[in-house]
Amino acid sequence: MRISAAEPLLDVRGLNSGYGKIVVLHGVDINVHKGEVVALLGPNGAGKTTLLRAISGLLPWNAGSVHFGGRDLSGVGPRESARAGLAHVIEGHRIFTQQSVTDNLLLAAYDVSQHERMVRVEEALSYFPEIAAKRREPGSSLSGGQQQMLAVAQGLVRRPKLLMLDEPSAGLSPVLVDRVLTVVARLRETGTAVLLVEQLIEKALAVADRVYALARGTVVLEAGAAEVGLAGRLENAYFGTRVTEFSAAM
Amino acid sequence: MSGVSDAVERVSTNDVRERLRNASASMVPLVAIFVVALAVPVFSNDYWVLIASRTAIYWLLVGALNLVVGFAGQLAIGYVAILTLGAYVTTILSAGNVSPPVPPVIALAIAGVAGSVFGVIVGLPALRLRTFYFAISTFGFATIVTQIALAWQSVTGGGIGLPGPEFPAPFDTRSGFYFLCLGCAAVCTWMTANVAHSRFGRALVAIRDAEVAAEAAGISKAKLLVMVFVFTGAAAAMAGGLFASLQTYITPDAFTFDLSILFFISILIGGRGSILGPMLGTIILTLLPEFAAPLAAWSTFLYACLLLGVVLAVPGGIAALLDFRNRKPLDQHRAIVPRADVISEVLRPSQMKESLTLSDIVLSFGGVRAVDGVDLDIRPAQIHGLIGPNGSGKTTILNIISGYYRPQSGEVTVGGETLPAGRPATRAALGIARTFQTPRIIGEASVIENVMIGGTINGCGTFAEALLMLPRGRRDEAMLRQMGLLVLRSVGLDSLADVRADRLQHSELRFVEIARALMSQPAFILLDEPAAGLAPDEIRRLGELIREIVRRGVGVLLVEHHADLIFDICHQVTVLNLGRVLAAGTPAEIRVHKEVVSAYLGG
Amino acid sequence: MAVPRRQFIASGAAAVTAAATLSFPRPAVAQSEPIRIGWLAAMTGASSAPAIGFDRGVQYAASMINAAGGVKGRKIEVLTRDTQGDPTKAVNATQEMISQLKVHAIWGPTNSGESLAVTPIMARSNMPNIHPCVVTSLIDTKKYPNAFRTAPSLGQWDAAVRGYCLNILKTKKIAVIGDTTGFGATAANFSVDAFKKDGADVVYAANIDYNQPDMTPDMVRARDAGAQVIVVWSTSTGMDARLFNTRGAMKWDVPFVGHSSMSSGDVANLIDKREYWNKVYVIGYRSCSFDAAGKLPPRSQQFVDSIKGKVTLSDNLLWWVAGGVDAVNLVAKAVEITGSSASADIIKYWNSLNKFPGYFGDYTFSPDQHNGYPTDDVVMSEASSAKDGAFSLAPGYKA
Amino acid sequence: MIGSILASGLAVGAVYALIGVTYNTMFSASRVISFTAGMLGMLGGVFGSLFILRLGLPVPVGFVLTMGCCALVGVITEFVAVRPVLKSLDQHLYVLSTLALSLMIQQLVATEWSTEPQRFPRLFDIGSGLLDEKFWLPIVACAVGMGALDLLYRHTLVGKAFLAIAEDNFAARALGLPERNLRIASYALAAIIGAFAGFAGGELLLAFVANGALLNFYGFVPVALGGLGSNRGAVVAGLALGIYQQAANFVVGGIFASVAVFAIFIILLLAAPQGLFGAPAVRRV
C-alpha cells in the first residue's frame, strides 16, 4: 500500500452502494491525490461505473465515506460535488444532441458567472480543435468520437480539481482514443487529477500513475502503473482465481 | 406434459387443504361483509337499505372493474359509459320503446350481453394506447353515450329520460330489491375472486407489473384483456340496469362523470390487486356523503383531499394498511440453499434431442450493428456460456432468441424448425424459458404467485372455467401451486413462498426468476447474468443448480460476466466482441485464447 | 385478517345507531311535535340560484309562523338537504326524509331532473309533496296522487311564450333555440311542436352547446331563414348573453322570447352594451310584475313591504321568495285546518283548495288536477327591467 | 358564415393549443401528464376577471397578478402532486394526485367565485365582428406565447437547461444542472402559459369554472394528436381541433358536436398512437 503524507484529494473508504436492492459495491477503498492520474480497471459488471456515480452523488451510498478536498460528500448531490470541483463525465458520451456544441458547453458552465462562461467554453474547446470548428452545429451532427470529446470538454468547463472519465474510449477508433487520452496527459501537467475508468488496459496504463482493479464490487488490486508483471496479475484478478493471494500479497 | 401430470398426481390431500385455506383465508373478510350487509334491512330503515342497495350496485361494477384497473392496471376512468348503456338498455327493453316489453329480469340479462360487447369496444384501445391516452379515450366514450341518450329522444326520452324498470315480486320492495342487488354483487365478487386467484388473475397482474416477463411466460395480453373486458362489461351493464331501477327514473344528467371518478377512485384507494380493499373503498365513498350531509357543498373537495391523502400517505391503499402478514419481519440471516435433488422431481428428463441453433444472425439498431452474423448452437444437456465486453451483443442475442427482436437476417431454429421472429409470447410453448438481467418480478405479488406465472401455459381450464371455479380450473390451481412449491423448494426459497416478492433481497429474486423459468418445464433456458449481484457462495450454489438442471437434459445459454463461473461450469463458451463471434470452444481453449484475453481485458 | 370485519361492523353499527337516534315517534301519536317540512334544495352547484331564492322565502315563512307561536302550538321545522342538482343525491335525501327524518311533507326538488327521480319514491309512501318543477309528466294524479305543482308547467310556460309571439308580437316566422342540456333539448322540442300545431312557421330550430364561444353561425342562419322572433329555452346565462351580444353585433332587432334565465342578473354582467338587453321578453308572473304605472298588485306590494329588511330581493327573484313562503304556508294551513299532520289529511286538504291566496299566485287543486298555478297569471315581462326581483310587464299586456 | 366559424375556430383552437403546450411543458420537466393544465386555463380567466373587474385594478396589474397567482399554483402542483409520485411513475399515481388537485381547484373556484359564467374585461376594445379582439386576441397570444418560448429555449441558458432536462435527465444531473429547481421553474412556466391562454381567451370563454374540465380535455387532444412533448404538434393539432369543433357545432349541431370530436379523437389516436410529431415508443427489453 503506498502511503502518501499529503492528504488525498479524493478519499473513499469502505463504500457500499448499488441500485435499489442490488448491492454492487462492497466496501471500496480508493484515493486520488492532487494532480494524479488514477486508472480504474476491471471486468464488466465489476462496479466501476457504480463507483463513479456514487462518488459524484448520482447514486446514494449506504455505508462508508467519501471525502473530497477534505470535505465530506455524504448526502451531497451531483450539483454540489460538481461545484466543489469534482467533474464526472458519464459513460456513453450522453451529450444533448438537439443543442449546439457551444450550448452543450454553456450548460456545463451553468453555475459559472455570466461574463466568465464564454471564456471557460473557449478554454475547453481549445483542447479539441476538431469540435471547436463545429461549435455552431447541433450535437447530433457530431461523430461518436467528437461527441465523446464534447462530453470531456463539458467536464473541463468547470476547471475541475478532479475529472472522472467513465470509459471515454468506448466505441472510439484507436486514433480518437489517443486524442482523448493525450488530453488526460495535458491535464496532469496543469495539475488536474483524473480518475479514469478504462477497458483498454495498455492505453490506460500509459497515462496513469496508479491503477486500481475492481472485481465483484471490491478493490482486488492496487499498483503503480509501472510495476512489472502487472498484466498477468490483472488477468488473474479479472478471472477471479487466486484473488485472495494477490490481495494478501499487497 | 407428463411431468406436470406427475405433479398433479403428487398433490397430496393436505396440499389441497393448504391451498383451500389460503384461498378461503382471503375470502373470510369478504364473506363477513356480506353477512353484515344481509342484516342491514333487519335493524335499520328504508333509507339505509337504499344506501346499502346503492353500495351493492356500485360494488357490482367496481368489483368487476377492479380486474381491469386494479389487476391489469389499465386506467379506465370512463366506465360510467357502460353503466349508462346498461341502464338505458334495461329500461328501454322493459318499457318496450323499441320492441314488445321484455320482463325486467330478462332485459337485465340482455343488457349484460350488450354490455359485454360494448365493454370490449371501450376496452380495446388499451391494447394500442398508452395508459393516460386510454384513460381519456374511455372518458370519451362516457361523453358519447350520454350525448346519444340525450339526442335520441324517440327511444331514450331525451332530456326527460325514462322511468326506470320495476322488478317483479319479490324484488318490488326496498329490501326485496336490495337482496337482488346484494345477490348480484355477491356472485360478481365470487367470480372476481375466482379469476383473481386463478392463473388468469396472476397473468393480469403480470401484464401490469412485468409485461415483458409475462410475454416470456407465454401470456397473450390481447386475449386475456378481451376476456376480462367481456366480463367487466357485462357486470357494469347489469349494475346499470339495477341502478336505473334504484333511481326509479333515468335522465342523461344522472350519469355524471363524478360517478365514473367514484368507481375509479374506490379501486385505487382500495389498493391495486386486492378485492377487500376496493370493496371497503366503495363502501366508504358511498357512505361518506351520507354522514357528511351538512358538508354537501364541500363534498367534492373533501373527496379530493381524501384521494390526495391516500396517494401521498399510503400509495398501497387500504389493502396495504390491512396487509399484516407482510408486516412481520423476515429472518435477516436466511440463506438460499438450493436442493439439487428436488430438481429431479421438478423436471422430467427432457425429450429434446435437437439443439437450438442461431445461423448468421444480423441485427442493427440505427447504424450500429449490434449483432453481426452470429452463429450459435445450444445443445440439450449442455451449458453454453456467452461472454464478451459491454455492448458486444450478448443480451441482444438473448432477445432475438426469445422473440423480442426481429433479426434483419438469419434465423433461429430448433431441430430445423424456424421459430417465429418477433413473437415472444410463442416461446414458452416452444419450450424456451428465460431470466432477465434485472429481475422482472411482480413486487406486490407473493413469491409463489410470481413463480406460478411461469406455469401459466400449463393450465388447461378456460377463463370461463376459472370464473365459475369449475373442476378443471380448480385442478389447474392445485397443479400450479404444487409445482410452484416444488420448484421453490428446488431453488431453496420454499420458506419464503407466501412473502411479498418486493421484500426479498436481490440475490433471492434472481433465484425466483430461475424458479419461474423452470415452471414451464422448458427444454432450453436462457440465463441473462444470473450471478450479477450475488455473493461468492451464492454464485457457487447457482452453479450447482444450473448443473443439476442440465443433468435433466435441459439446454442452458448462460450470459455472464463472472468469468470464474463461466469457466467453472460451461461445456461450450462463445466469446462475442462488437457483435461478432471472436472465439468459440471449450473453457480450457478459451481460457488461453490470446485474442480473447486481450479483447476481454482490452488492449 | 379480523380487523376489516371489525371495521365494517363498526361503521355498520354507526349506521344503525344513527338510524335509532334520528328516528322519531310516529306523527299520528304526538300532536305537540314540530311539523317537519323536508326541503330538497339544490343550494350549491350549477343553477343553484332558484333554490337559494326559495330558501329565503322558506326560512322567512317558518320563522314568522314560529314567532307567532307555531301552528296550534306546533313549531315548523324545516329540514334542508342540499342535492346539488344531482338526481342521485336527491334520491338518497328523499328516502332519508321519508324513512329517517320522518317529515310530514316535502317541498322540492327545484329542478326537473331531480324531481323526475324522486317523485315515484315519494308516491310510494304517499308523502305530501309540493314542487315548482315544470316538466309536464311530473304531475299525474293517477300515478302520483301526492304530488302538487305550485308553479306553471312547461305547457303553461310554453303557452305564455307562444301566445306572446303569435298574438301580441304577431310574428309568424319563429326560430327556436335550446341548449344541449336535458331541459333545453326537451323544452325546445316541445315548443317547436306546439308552434307547428298552432300553424306557426318554425323557420329555424337548433340545440346549441352553451359552451360554444360564438353564436354568430346560428343567429345568421336564423336571420337568413327569415325569423321574426327567437324563442330561447336555456338556463345558461352565458349562452343567453352571447346570443344578445351577437344580435347586437349583427345590428338585428329581432326580439328574444323565452326562459326567465335571460333576465338574470348574471346576464347583465355579461352583455357588452346595456341596450343589447332590450327587446328580450321572459316568462314572468302577474303577481311579480309592475304594471304600466310601475305598481305591483296590492297583495304582492303588501308582501314586499312586510319582508323589507328581512329578506334581500335585489339579487334574486320575487317569485322565488314568494313561492318559498307559499310552500311553507300551504303545509302549515293544511295542519291548521285539518288539525293533523298525517299525509292523507294534508293531501285531502290540498285537493280541496280553490284559489288559495298565495303571494306567488292563487292555487287551485282538485283530486284530478294538481297543476295549481293559474295559466292566465303566466305573462311575459321585460328582461332588463328587474327591480327588487320583479319585472315590468312586456309591452302589449293590458294591466 | 365560414368566416365566423374560422374566426371562433382558430380562437378556441389557439387556447387549446396553449393548454396543450402547458401539458407538454409539465411533461418534459417531469414525465408527468397533469390534470391541472386545463384548470390553469380556467384560473387565467377567473383571476383576470377577479383582479380587473371585481377589484378594479388596471389591466397590466391584473395581468401580472394573474400570471403570478397561477405560477404559484403551478409550483404548488409540483410540490404537492408531482414530486411525491416521481419515484413511482410506472404506477401512474400522478393521474390520481393531479386529478385530486384539479378537483380541489375546481371546487374552490365554484364555491368561492361562482358557478355561473362571469364577465371578463374587454382589454383593448379593438375590432368588432369577425375582427373582434375576442377572436384575434387568443390567436395573437398563441403566436406571442410560442415566440416567447422559442426565445427562451434558444437564447437563454435556463431555457436550454429545460431542453437538456427534457432530453436526458440523468446526463443533465451529472452535469451539475439544478434539476429540481429547474423542474419547479418549468411548472411555474407551464402554469403561466396556461394562465396566459385563459387570460387571452377570457373574453371568448368568459370567467367560468366549467372551463377547467373543458380545457383539460380539449387541451389534451392536441397533445395526443400532435405528439406528447411536441409543441409544434400541439399548435397544429390545437388549431385544427378548434376549427373542426366549431364546424361540427355548425354542421351536426350542439348535441352531436362533442360526439364528433370524441369519435375523431379516438379514431385518429388508434390510427397513430404516437401522434403527428410524436416520438416512437421506446424499447422495452
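For reference, chains read A, B, C and D in written order, and residue numbers begin at 1 within each chain.
Here is the rule we use: contacts are C-beta pairs under 8 Å (C-beta built on N, C-alpha and C of every residue); 3 or more make two chains touch, one makes a residue touch a chain.
Small disclaimer: the values here were computed from a predicted structure and weren't measured.
Shared contacts of chain B and chain D, meaning chains that touch the two of them, come down to A, C. Simply put, of A-D and C-D, more C-beta pairs touch at C-D. Distances between chain centres, each the mean of the C-alpha atoms, put A farthest from chain C.
With centres taken as mean Cα positions, chain C sits 78 Å from chain A.
Rounded to whole angstrom units, the spacing between the C-alpha centres of chain A and chain D is 43. Put simply, the C-alpha centre of chain C and that of chain D have 38 angstrom between them. Centres computed as Cα averages put chain B at a distance of 53 Å from chain C. Residue positions 44, 180, 185 of chain C are each in touch with at least two other chains.
With touch defined as above, residues shared between interfaces to two or more other chains in chain D number as follows: 111, 255, 258. Multi-chain contact residues of chain B (touching two or more other chains) are listed as 147, 150-151, 297.
In this structure, the chains touch in the following pairs: A-B, A-D, B-C, B-D, C-D. Put simply, chain C touches chain D in their complex at residues 44-49, 179-180, 185, 206-209, 211-214, 216-218, 220-221, 236-238, 241, 249, 266, 269-270, 272. By the touch rule above, chain B contacts chain D in their complex via residues 73, 75, 77, 125, 128-133, 135-137, 139-141, 143-144, 147-148, 150-151, 211-212, 257, 261, 265, 268, 272, 297-298, 300-301, 303-305, 307-308, 311-312, 315, 399, 404, 436. By the touch criterion given at the top, residues 1, 4-5, 7-8, 11-12, 110-111, 115-119, 122, 128-129, 132, 134-135, 204-206, 208, 210-211, 214, 246, 249-250, 253-255, 257-258 of chain D touch chain C in their complex. On the side of chain C, the complex with chain B involves touching residues 1, 3-5, 7-9, 11-12, 14-16, 18-19, 23, 43-44, 81-84, 86-89, 91-93, 95-96, 98-100, 112-113, 116-121, 135, 137, 180-186, 189. Every residue of chain B that touches chain C in the complex is listed here, in rising order: 25-26, 28-29, 32-33, 36, 39-40, 43-48, 50-51, 54, 147, 150-151, 153, 158-161, 163, 246-249, 251-254, 256, 258-259, 276, 280, 283-284, 287, 289-291, 293, 296-297, 299, 322, 324.
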